[in-house]
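What follows are several structures.
What follows is subunit A paired twice: with subunit B in the first complex and subunit C in the second.
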Partner chain A sequence: MAAGSVGETLPSQITLNGGVGTASVTLKAVNLTNQTRWYTASSTWGGTNANAINVWFQVIATREAYSTRATACGYHMQGADHFVALPYGLSLCGITVNLRASPVSASSVTAVQERGPWFPHSAPTEWNPCVGPPDPYWNTTGVPRAASAPCSSNGAGIDLAGGTYDDLGLAGNPVILWRFGQ
Partner chain B sequence: MPTTFSVTYASQAGSRDIASGQVQIDSCYLGWDSSGNIMLLPNSPNEWLASGTLGQNATIWGGSCSIDLVHSSLSPVAGNADQLTLSLALTFPEQSYLLGPDFFGRHEVSASGTSAGAEGLTTAMVDLGALVVNQGPDFTLSVTPSGGDPVTLSPGAPASLTLTATGLNGFNGSISIGAAYTGSPACFSVAGVPPSMPANAQRTITIAYLQTPACPPGVWTQFTIVGEVNRGLPNDLNRSASSTPRFVAGAGGDFTITVGYPSAPWLSATGSVSYPVTVQSVGGQSGTVSLNAPGGVPVGVGWQLDNTTLYLNPGGTAGTTLTLTGSENMPGGTYPMALTATLTPGNQRRTAAFSLGTQVTGFQVTSATGSAIVHNTGQEVQVTHSVPAGNAPSYTTCDTADPDVTCQVASTAPDSVTLRITASPSAAHGTRVLRLNSGAMIAHAAVGNRAPSGISISPASVQAGEWTTATVTISAPDLSCGSNQDCAPEARVIDLSGNQVDWATFDYTANVLALAPPSGSAGAYFIEWSQCSSFIDPGEDYFACIYEPRAPLPVRDPDPEPPQQRLFGLRTQVLTPPVANDGDAIIATIPFTLQVEAVDAATGLRATNMSGVTVDIL
Partner chain C sequence: MFGIGKTLQTGVLALSAAVTLQGASPAEQQAAKHLPPRAVLERALAADWKPENPKTEPVVASGPIFSSKSQDLAFVYKRADRLFLRVVAGGTSPIVELDAPLPGTYCAGDPSLPAISLKDLTGRGRDQILVPTSDGATSLGIYLNIFGIESGQLKNMVSKGVIGGHDVELECAQNRPCRIVAYGRWTDAGTSAVGVYEWLGTQFVRTDKDAETYFMARLRALAESASSEQPKTMSQRANDAIQAASLFLEHHQPEAAIALCKEVLSRLEDPTKTVRRKNGIDPSKIDEVFGSDLKRGMSAVHELLGKSYESTGHHREAQVEYDLAGKLKSAK
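On to the complex of A and B.
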């Protein structure tokens, strides 16, 4: 992901008035599985400041159906499991994610143990008519491909195992927040 | 009360073909499906999709409406197998539950439906007409004064504002009150903002400037009063008053004290001298000024202040008189004096320096043929001559041969005679023979040149803790030293007590004072300059000195160090992070405000007039 290449709004200069200045910024993605985006502010008089911004993704979440088969990451579900699925490959297995039911609710931390929802999928099936490559929307537009794909009935960008889903107190297919990291 | 709202859908393939639909009443936007699932869509990314099931004992809200699910249904139409009716119990709060724009007024209603067939046909949004939402119980807040020109607040002079809450459409409940500040609110105290207040009531808010080193004059603040009712409920209402004026800190008040010109240039032994004393308000300051006893009063001099307290109106002046009374016990000379006053409130102390010249009324010489020293200024000098015991004179007249020098007998006593001698400005320097009782007794007077003159020094003041040289200039050098004379001038520095300091030396060949006042010696000092001649004329054994009036030599504390250029650092933050308790957190795709401040890390003060900052987001 190249910063600014996905329609992000990034200021190059901020004018200070009375010692303070602001800029409207829109970020859409993170690099790989980074929790944050880093930025530096530097001035002609020598002052510099580097800081990190935690980037959350707001997507529709679905509840992962219980299955006796192993997940894509080889995890065997036991009921009330705690993990999430993201629409990417096996390189995400074990990656930690932080979840919130709302911006003000407590967070729940778990790991990726499954692929999906919807993508990647090589051939249409009765339960998943979508066909497409992995969708690392956290590295691109910040919006899951499923959100606008006609094949997707719910536009979900993350799948939550039952235990994680219940921990967050969710019902239906709600919009939740998630980000990488603890 | 909810509004019952119905939309009837029809399909030629029968009501079972109707799979789902959408209804939009401006920012009240919902979707449903044939299983009874219903969801209210958010009207901004900060809101959440709310969902439930028709008939469920719950209320969901999103955007600008809420749905009472237990009183809402999706049911077939009796007698018509092709139709379904969606019946909704809707409530339209005046603001969205995330405090969006007010919703009362006229709103267009439209709906669409989707069939369950393989093709899944969806109709276009059908215009169903308009819905009018009336304004319910509400309130307004106002604060006066508001906006307009900035208001300057001086220390100790607070300003008041009136907060008015007005109920609308029958609202008379309690309103939670808060205030949102901008600028430097820590430099001001705001009192009277109530945590809550009833509608149709007023409250008085007071704001005062807190003058501290971190809050210099010029800092400002401005605030808005915000009221809220039904917080967290669907009918949450949030109203704010217009912003107050910008309150700007003004300079602190002060006062000055001055001692004016005396009523006479000299204080004689039997006379008095009055000085006008004036105190003046600075910066609109008012209060009571207390005058202390004058400092540096010479021995034998009495003093009186007509008033020891004066009241200052803002911007006004007040005055009194200091009267000094002489006595025969007082020494002659020029004496630096000071008058100090204290202002209440504020406890500021200000001092005025002035000087007192005393005229020696008599001195004695031990020789029966003693001499007097008279300067050719036209100013009378009284001289008392002692006479040997047992030879008590009784003198009545005194004269000289020089018309420019006059002599009179002031008084006689068994062992002395006091003469009044005056040398006019045209009198030449030198000695004169004084003839008592037409020559029965001879005395002498020495006439010295003394033109009106004065000392000036450059620089006019010196700094404690620093070595410097100062050139002393006598505007009219006045002692004509003839030949065979030793009349080198002397200059010395004395303190308020008249003691010569040890940190000044005078080079009379260059008229330069070398000054090295030590640290901590700041205060009022004076330069004394004198020139003495041990021989006015060859062969005459007289001694004459000329003294200039003392000139002030202030020694000041070291100048305050110029403010060092602060090393401002940068401080950055995400304003109002949308995710709680996660530092600078943002939500992808949603714009946020990034703030950069140039601040002094030591004081927290913001920089001013800083140029732009380059931002590089990785």
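On to the complex of A and C.
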């Protein structure tokens, strides 16, 4: 595994004592919409073992209001629907994401059907004074731009449709975990 | 081989274009004649769409835009991924075509506000052009663009460029000029606001006249939803309660926040009013999850009840609520 993003840390070597050794790895990003990062364990006596590890993003989630208008993906919302919005372009439409309210809670699997929150945004309004390009934070620092942007009132990195929000048993604008894939 | 494939592809495209024009409305056919090079006529969800039939239609309208007696054309086109409004004066020679860029990446109409509409908002006998566009959830709704013709020029009629909002209502029934009421997304305290825009002779300007009345009507509806007798999940009930109680506090109505929190707590404790969530949960764990949900929701409402008591000077009652919130938060 190579440290590819800002703030990522990984040891170059792990020393084993009695066959046991631990090391802490901080991952901040994935390539495109990959679910995992691969790592390879190599022994100085020969032999390698490659494994993949899921990369989760921990961000503030907000609830998306019901609307009779089409979403940016051209999706038509129905009642307490199930989907998420991520602050990127239309290439993410239909991509599967896995969500959890906490590391120990049950997963909810759904798809990206909307763009947001906060970015990209082409003109300032009373409700969203932010103006800026897409923010694929899962490919960079793992931290949404909105989290540190004064123009954002809640710093959210993912929007959840009403049904998805309810399935996770959320209240308010909590921090949740999400990753790409089933 | 490549050449044959290319020829066939061109043939299919030509046929498809011919079919589209044959079925097109007169306004759409007119718009096609006035499209700039490399531009595409924008399409949006039809005003009368239904979930089982989400049909689209071209973003075109015709009516008296230049003067009260003219029949003019307005449409939205996309070029290089950017949206533009084009207005074409009817029956003029040489042809008068005026353009303006629009924010957002798509036209976002709904039955109450179609993707393009012409309406005399100012009471001067000629129509203005209303085009709701959007970037998606990032807009927290739409950019409402309003354009009109002034001294032969296409002019933006909104003082700050656009009116943003999740829901936008035009109040024109009783009088002209119309009043425009824009609501935020209303999914948390930060997005719960109302903006009121009025025509001040040359542009629509945010005046917020009577905004508090609209705001309180929306807030009361939210509070009623939070304390409703209808069965709801903890998320549905607690989220509305947190939002409504926070807004009552922001608007210096702690008594209303106290009453709401108490009512919502009684609903959360009533198993016929607050129900279990089941989607994606192991059936053997539904009760366990429900217990955990209730503790989390009640903790948040007790916390708000504490804040509400504190703002009325009832510090002892506030401490009791904070302690209850803390116990519920730490309970497994």
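Brief remarks on what is shown
Convention: the second predicted complex is superposed on the first by the 178 of 182 C-alpha atoms of A that agree within 3 Å, B and C clash if a C-alpha of one lies under 4 Å from a C-alpha of the other, contacts with A are read in each partner's own complex, and residues count from 1 in each chain.
Heads up, the rule we're going with is that a residue touches a chain if its C-beta (ideal position, glycine included) is under 8 Å from a C-beta of that chain, and two chains touch if they have at least 3 such contacts.
What you are looking at is a predicted structure, and each value in this text was computed from that prediction instead of being measured.
Steric overlap between subunit B and subunit C is present once the structures are superposed on subunit A. In the superposed model, A:19 makes contact with subunit B only, not with subunit C.
By the touch criterion defined above, A:138 reaches subunit B but does not reach subunit C.
Contact with subunit B, but none with subunit C, is seen for A:9 once the two complexes are overlaid on the shared chain.
Ranked by how many residues of subunit A each touches, subunit B and subunit C are led by B.
By the document's definition of touching, neither partner reaches A:91: not subunit B, not subunit C. In the superposition on chain A, contact of A:172 is made with both subunit B and subunit C.
In the superposed pair of complexes, A:148 makes contact with neither subunit B nor subunit C. Within the three-chain superposition, the subunit B stretch that clashes with subunit C turns out to be 59-67, the only such case among 59-67, 347-355 or 419-427.
107, 171-173 are the residues of subunit A that lie in the contact sets of both subunit B and subunit C, per the superposition on chain A.
Considering their complex, residues 44-45, 49, 51, 54, 103-106, 108-112, 132, 134-143, 161-166, 182, 184-188, 190-191, 193, 195, 206, 233-236, 238-239, 242, 277, 279-282, 285, 289, 292-293, 296-297, 300 of subunit C touch subunit A. For subunit B in complex with subunit A, the touching residues are 37, 39, 42, 45, 48-49, 51-52, 567-575, 578-580, 582-599, 606-608, 610-618. Listing the residues of subunit A that touch subunit C in their complex gives 62-65, 67-73, 76, 78, 85, 87, 106-109, 114-123, 125-128, 130, 153-154, 159, 163, 165-173. The residues of subunit A lying in touch with subunit B in their complex are 3-4, 9-16, 18-29, 31, 37-49, 51-58, 60, 100, 102-104, 107, 138, 141-143, 171-175, 177, 179.
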